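Two complexes follow with chain A in common, the first pairing it with chain B and the second with chain C.
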Partner chain A sequence: MNKPSMQQAILVYALLGIALIVFLTPIYLIASSSVKPSPIMFQRPPAMLFEPTFEHYRDLFTMRPFGKFIMNSLMVALGSTAFSVFFGSIAAYAISRIKHKRMNDIAFWILSMRMFPPIAVVVPYYIIFKTAGLLDTPLALIIVYSTANIPLTVWLMKGFFDEVPRALEEAAAVDGHGLISIFWRVTLPLAAPGLAVSAVFCFIFSWNEFLFALMLTGSEAQTATVAVMSFWSSDAVQWGRIMAGSFVILIPGVVFVLTCQRWLVRGLTMGSVK
Partner chain B sequence: MIFLLPAMLVLFLTTIYPMLYAGYLSFRSYDLAKPFVPRVFVGWSNYQQVLTSGDFLNALSITFQLMVITLSIQLVVGVGLALLVTQRLPGMGIARTLLLIPMMISPVIVGLVWLFLYFPELGYLNYFLSFVGLDPIPWITSPNWALWAIAIADIWQWTPFIMMGTAAALTSLSPEPYEAARIDGNTRWQVFRHVTLPQLKPVLVSLVFLRAIDAFKIYDIIFVLTKGGPGDSTEVLSLYIYRQSFTFWQMGVGAAASFVSLIIIVVLITLFFKSLNRDQTA
Partner chain C sequence: MSAITLRSVVKRYGSVEVVHGIDLDVEEGEFVVLLGPSGCGKTTTLRMVAGLEDVSDGELSIAGRRVNEVAPKDRGVAMVFQNYALYPHMSVRQNMEFALRPLGLDAAEVDRRIQEAAGILGLGELLARKPAQLSGGQRQRVAMGRAMVRTPDVFLFDEPLSNLDAKLRTQVRLEIGKLHNRLGTTVLYVTHDQVEAMTLADKIVVMQNGHIEQVGTPEQVYAHPNNMFVASFIGSPSMNMIPARHEGGRLRAEGLDLAVPSRFEGKLPEGQDVVIGIRPTGLQRAEPGAADAVVARVEVTEFLGNEALLDIRVGDHELIAEIPAAGRPAPGDEVSLTFDPSVIHLFDPQTGATLSR
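For the complex of A and B:
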């Protein structure tokens, strides 16, 4: 494509400027409201310059056990990530290496597991975990999130394994390495970026999840997303606290976008757009 | 191969088993509020109750309305933004990255910040709109506006997704057809319509299917903004199932409704895979 002319460039910048304002204002609002003193929270025109206060953050961690909820979120997200990356990557290796006409069907079957509406299985999960005594435990959420994270890992890792040259594996086989040794010493290190990307995606999806966390946890295993929502109903709308909690929750996702945006396309389209 | 088995086993136990269990429940009368009443087999009566109830059909219709509204706007705006950020100008990379941020935010947080903006009397959105001469809009308190309020939040979060996928596809297009089209003296619009768009089509189809499948699952944003109200004006399928199961404790009815929605989603997923396979063979 040709380089745009001066007028076209101005138009492009103007339109993008509007888009940036629209898409970033809500994020700015979360950040600024989280440090805005309550009396001027809804002042018109909006107070742009004010003495920032950290009282909302302080309240979050002192008047509420928000630290505990953050730890729950971390535990669940890390647990599910470890579980999914382990099972997902070995399955992806099999799918990538076995040439069989049914393999495609299996890959699609695994992917479809991710696409089912969570609400359709939340009732059975609720009853199963209730029977097993796992309601309100991090383990229940780790299991549930893995059902979405394993298919994601399988599809991402399949793409990365496909790119590892077969010749390297064959050379290792000639040297007398077994299947597991080849996978562990040759293929996996070469697909390491894929492992990192899969892990980050699994982490963020688990960290952000709300529906299952709401239904399957109570006061013990509650995660941060559910806790923030509970400020809404219990404290007669503590907007400062809600925004402070929201800001804490959105940090991992924003950091991810700013640092690894080139992997986003692959992860969010399950490899259907590269 | 042994490598495949563990993951398949885990997925079977964690997804297929609950689904089969949902299937089993859907033929039973199961009232969670009465735990000692035996769960008797009731045949198709749960399905009959679901499919003939106005509530379910209303939920189905609202789900599709929301899907059509959000998808069409996301598609147009997303493709437009993709055309902007792929211009060869300085700063485009940063703009593109910044625009992607909404996608990775938890939908609950998206719901909460839009609630902050829509909030009756206090919300800033009506204040901003007053500058362009608009009267205050009862965003979440009026049945006429609530669905739009939800659609706007969803569009805000997911337009970047269409932009991202389209921009990725645009940068990988081959330049030759453009030079040919330009030599032939076509206008920009003609080039876009007859050269760019046909090449983008497979990617756009994938993106739209992925969004459509997700649109079917929408829950968090609605739960935060309206909980399905006012009345049942924003009660999509997930909220209907939630209400049957956890407000009325009719687990059997909830399961039957889940199964009907599963069938619809299976159709969507199958169509998506068909379109992917066609791309790969073409």
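For the complex of A and C:
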């Protein structure tokens, strides 16, 4: 790459700065509002200097079992991510390697499942899970999220598997390894960035999802996103608690992405840095 | 018992046949080179032996056992790929360990074999490195090490030197030769470089268009080519080919009139069309008064050190002669040359087959 000139550098940093402001402002508002005493919450201009209070956080965990809802969210998101990445990768490997003239059609059919408008399937899902006795269980959400996450994983991972040179698998085959060993020890490690990208997308989708979580869970399996909205009732909107809840919800996503970051950066830029 | 046997082996991709029923025996401990121009089916044949391509027809055996339906992992072969195919996420040591894993050896034996291979190939310093941190030549040696540690029945090589520069190629070629002498393992080796083939092979298999044209020792394919293809493919510069006609015990072409070499006497019908083949080294400056001397005009001379190549014109044929460089003629000179009758080849112009036997 050429060394960027001074002007280019300034331009790049200016754009980055704007992007940062755009993305970080809401987070700043959430964070600052979550520690603002209720009386000054809507002061104009916004109060910049105030004695921070943790009463909203205290209320969040004492007035409602918010810890449990976080655990529900974690269980659902991690469960769906693990399930989707596992089965999605296997399916993607088959699609990437098996030569068949209808393979592209199959791949497109799988992707098309992702294109359902969610609202159209909410009621059928509700009836199915009611019949199966799975309403208000984490399993119901894991299943629903996986139907959206598996197609995404299949498409992402197919791209990554396509990039793994066949010669490496052939070398492993001649070296005496069978299909599973080759997949597990050669192909999959080389597609690790793809796993990270898929996992991040699956996790964030499942963690943030609201509609299905609202419709398919009650008090038991409720997720954090739905729980936060329950502070918005007909008589009052408890902004402090909503903000505190929102801030807590941010944390696992950030931790998860940072954990995957090592592979993620390579994954998202793959192809461009070869 | 042969190490590898091919009987009427055919390879088809869809309806396109690329290997046409070839027969080949590779004996135990032999170094056999598949040699031929690009696209002749060498790699395809090697990959069928490795089990990476299905055999469409015919029978393939390794160590006396039919292996058409046997998976690559159960064939007891090891392969060195053209681009080496080292596992990029594993260190040199792990690459070798990975190849040993299916054998289920204990840790001490694994370590012993890796140390031994590293010793032979000079990889000791490199064991902890990843392939990306190695030079081309080092990668090549790691690929050989990975094949070696498994102590296979058969080594398969697909153009293992083609990614190396000329100097390294010579050096690694020697190492492969030494390695074979030392291990005595059967080798099937693909190349389109005839120098590699000549220097390494016990037996050369010359292929063209999915057919085997000739199987023989390097001396046999060089000195007794079966046909015009082998004759012109082997040897550098190529054998000179001159269409001629047998008339009254003489071979006649424009600007050329030679006695039929005694080997062919009585074998050639009068009036038969032939192609005379003679290597550049078979053309030498004529002693004064020599019989059948041919007068030729020198167009270009190429100085090679000890020898010089003369591009000469005889009648309307352009030929190449390789003569001692000392006292070589200059371009534009006329020289008088003799054809060494003991190395004259005659071919049938229709079939290309040799008339020498």
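Just a few scattered comments:
Note that the second predicted complex is superposed on the first by the 224 of 274 C-alpha atoms of A that agree within 3 Å, B and C clash if a C-alpha of one lies under 4 Å from a C-alpha of the other, contacts with A are read in each partner's own complex, and residues count from 1 in each chain.
We adopt the following convention: contacts are C-beta pairs under 8 Å (C-beta built on N, C-alpha and C of every residue); 3 or more make two chains touch, one makes a residue touch a chain.
In this text, all values refer to a predicted model and were calculated from it rather than measured experimentally.
Touch criterion met: A:189 reaches chain C, while chain B stays clear of it. When both complexes are overlaid on chain A, the residue A:58 reaches neither chain B nor chain C.
Set against each other, chain B and chain C differ in how many residues of chain A they touch, and the higher count belongs to B. Contacts of A:174 after superposition on the shared chain: chain C is touched, whereas chain B is not.
When both complexes are overlaid on chain A, the residue A:256 reaches chain B alone and has no touch with chain C. By the touch criterion defined above, A:165 lies against chain C but remains apart from chain B after alignment on the C-alpha atoms of chain A. Those residues of chain B whose C-beta lies close enough to touch chain A in the complex are 1, 3-4, 6-8, 10-11, 14-15, 17-19, 21-22, 25, 80-81, 84-89, 91, 95-110, 112-117, 122, 124, 127, 156, 159-161, 164-165, 168-169, 175, 178, 182, 203, 206-207, 210, 213, 216-217, 219-220, 223-224, 237-238, 241-242, 245-246, 251, 254-255, 258-259, 261-262, 265-266, 269, 273, 276-277. By the touch criterion given at the top, residues 165, 167-168, 170-178, 181, 185-186, 189-190 of chain A touch chain C in their complex.
The part of chain C that touches chain A in the complex is made up of residues 50-52, 71-75, 77-79, 81, 83, 85-89, 98-99, 101-103, 146, 150, 156. Those residues of chain A whose C-beta lies close enough to touch chain B in the complex are 1-4, 8-9, 12-13, 15-16, 19-20, 22-24, 26-27, 29-30, 33, 42, 44-46, 87-88, 90-91, 93-95, 97-98, 104, 106, 108, 110, 112-113, 115-125, 127-128, 143-144, 146-147, 150-151, 154, 183, 204, 207-211, 214-215, 225, 228-229, 232, 239, 242-243, 246, 249-250, 253-254, 256-258, 261, 264-265, 268-270, 272-274.
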